[in-house]
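Read through the structure below, which is laid out as structure tokens, and then see the notes.
So that you can tell them apart, the chains are marked A, B, C and D in the order they are listed, and the count of residues begins at 1 in each.
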Amino acid sequence: MANHPTLAPELDVSAWLNTATPLSLQALRGKVVVIHAFQMLCPGCVSHGIPQTKKIRETFREEDVAVIGLHSVFEHHDVMTPRALEVFLHEYRIAFPIAIDRPTGHGGVPRTMARYQLRGTPSLLLIDRHGYLRFHHFGHVDDLRVGAQIAQLLAEGAAIAAAPAPAAARAGCDDQACGIAATP
Amino acid sequence: MANHPTLAPELDVSAWLNTATPLSLQALRGKVVVIHAFQMLCPGCVSHGIPQTKKIRETFREEDVAVIGLHSVFEHHDVMTPRALEVFLHEYRIAFPIAIDRPTGHGGVPRTMARYQLRGTPSLLLIDRHGYLRFHHFGHVDDLRVGAQIAQLLAEGAAIAAAPAPAAARAGCDDQACGIAATP
Amino acid sequence: MANHPTLAPELDVSAWLNTATPLSLQALRGKVVVIHAFQMLCPGCVSHGIPQTKKIRETFREEDVAVIGLHSVFEHHDVMTPRALEVFLHEYRIAFPIAIDRPTGHGGVPRTMARYQLRGTPSLLLIDRHGYLRFHHFGHVDDLRVGAQIAQLLAEGAAIAAAPAPAAARAGCDDQACGIAATP
Amino acid sequence: MANHPTLAPELDVSAWLNTATPLSLQALRGKVVVIHAFQMLCPGCVSHGIPQTKKIRETFREEDVAVIGLHSVFEHHDVMTPRALEVFLHEYRIAFPIAIDRPTGHGGVPRTMARYQLRGTPSLLLIDRHGYLRFHHFGHVDDLRVGAQIAQLLAEGAAIAAAPAPAAARAGCDDQACGIAATP
């Protein structure tokens, strides 16, 4: 990721859940957009990322902050299917819109995950009102810090700050995160 | 469940994971047997039941206590498949033997779950050295109490105490448990 | 508390700990000021308020945000003495400046606590760069929300928003907070 | 501690709280006795030891298991006074009997703590029905294990097993425990 924030690339999505109409970053300009990239069988996503994202949804108003879950399956595609995801969302009572990251058709990292150069799941992306990607976290990030970063973006007019360096890569899953072996 | 403990019925299992050879309660006589009935997409199982069962495995010796996970799928059979379970066990680093409760072939409550009249998942079953079902918990049960009950069974010779009454039924999933709508 | 924020009254302090020189809100103008009012024997302060305040200190820069602990003893004055507080700060490794709220000399609610009409402990006060009291929480408040509120104040120039209504009063201590019986 | 369990020495106590009459180990023969040695300003005692001891009290019957808190002040004697302890017990809603370990009169490790060669606080002592000290933990110990050990002692007739080796010493307080600098 460059020192100067770049426009967040549009999501490449094969299907949407929990929303009547597909969303687009373009159409969400004017709001701060929070994207939580997860996999339904990633332990760190289930124990930390999903609860944090639910809390973000409860804390901020829908007219100010859009919250999107991005199901970015980069391993075990055969079992983390759209139908399995539906059951997961039902059992975990997840009500915010969920984008299914478009698979390549030959396994591996899906389209949006590649565009954003995500290191694995959970990843948290914060996009400002003008569509710029401003914060990019991989793994556990503290609620206090996330709340502050969202509020910072909410408070801004047009100012654009440098994005932080991405976290060091981790391969495989631990309690906190699932990392991909090599950055695409 | 009767006031007088009954012999624990044998497990009816369609496949075993994490073990080279199938287990049977008959062959485990002499040990205390802990069975954790779960579903891989049950939130209370993932947040509480699985970690507790791992801790049981770490706390007691294998020559004294056998620990078995029982995957009793009673809903959403199409996505909680044996292959999906394999991925779940891998991601959550579950190493103790797992029995896949035999499905009926037409959905609903699987065979072992029916035999034991489980109310849902997570359920914890404690079987004494003589094969009698002695404790039966549905939903959250405290570590201190579980530790005490296992140790009580370990300490016994042939004495058999009355089993406690089962917990009240709950239908659907909440944070603690997934209940079946009607007791079979 | 009025709908329009008021200038935060100056702290009335009998002693300072963890700082070479006394602090004053007047001298801190230009920074956001976080005041955590606590009692060393208040369970909700120890389990939640103090750890949250430590995390605030770690998350924001000292040049942007001042963090002050305010020891507002309104009961059991004979045992929550300055000397006992020193030991508490040492054992709990609290390094940010601590103000000892000035006692009245005849028990009850100390001076600063009365000025701010605190309902009990823990209370969290957020003061903007211009010295206005902007947020006032009693009891448990979520990290995500606190992070957002501090960042909102950091981002502001001169804008002043309405403060939220105070929480309902609680008398006595529970796991979350110690409330005073009647609002002064 | 020797390989063969020794009779637990009698408590040397300057005062009792939460009990109408003083207790003695001699008079408690026939019950399993749980002693939680703590200091009211020890972080690990407050966050872990005290809640665990409360849970022990709730889990086992009073006719089977006696639970005693032992306030063993080995530092900061001037602020952890009997009167301060009374306030602490009130605020933390601790209802089981509390023994105040008899101070030496010239600071340092109090009498019972010395007799038992405690390494610091929290320490958990488990005494069997015959008055033998059977388990001795310093610092954090898991609920599952403690539950099992208490139940093991409850189940016993006269058998006496070897006590485990004490944990390694730690000096000063960390999140888990307060250790004394040198073993007496």
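We take it that contacts are C-beta pairs under 8 Å (C-beta built on N, C-alpha and C of every residue); 3 or more make two chains touch, one makes a residue touch a chain.
This is a predicted model, so every value here is computed, not measured.
Between the interfaces A-B and A-C, more contacting C-beta pairs are found at A-C.
The distance from the centre of chain B to the centre of chain C, each centre being the mean of the chain's C-alpha atoms, comes to 49 Å.
One inter-chain figure worth recording: chain A and chain C are separated by 35 Å, centre to centre, where each centre is the mean of the chain's CA atoms. The set of chain D residues touching two or more other chains is empty.
Of all possible chain pairs, those that touch are A-B, A-C, B-D, C-D. Interface residues of chain D facing chain B in the complex, by the touch rule stated above, are 52, 55-56, 59-60, 142-152, 154-156. Taken in their complex, chain D has these residues touching chain C: 41-43, 46-47, 76, 78-81, 83-84, 87-88, 91-92, 173, 178.
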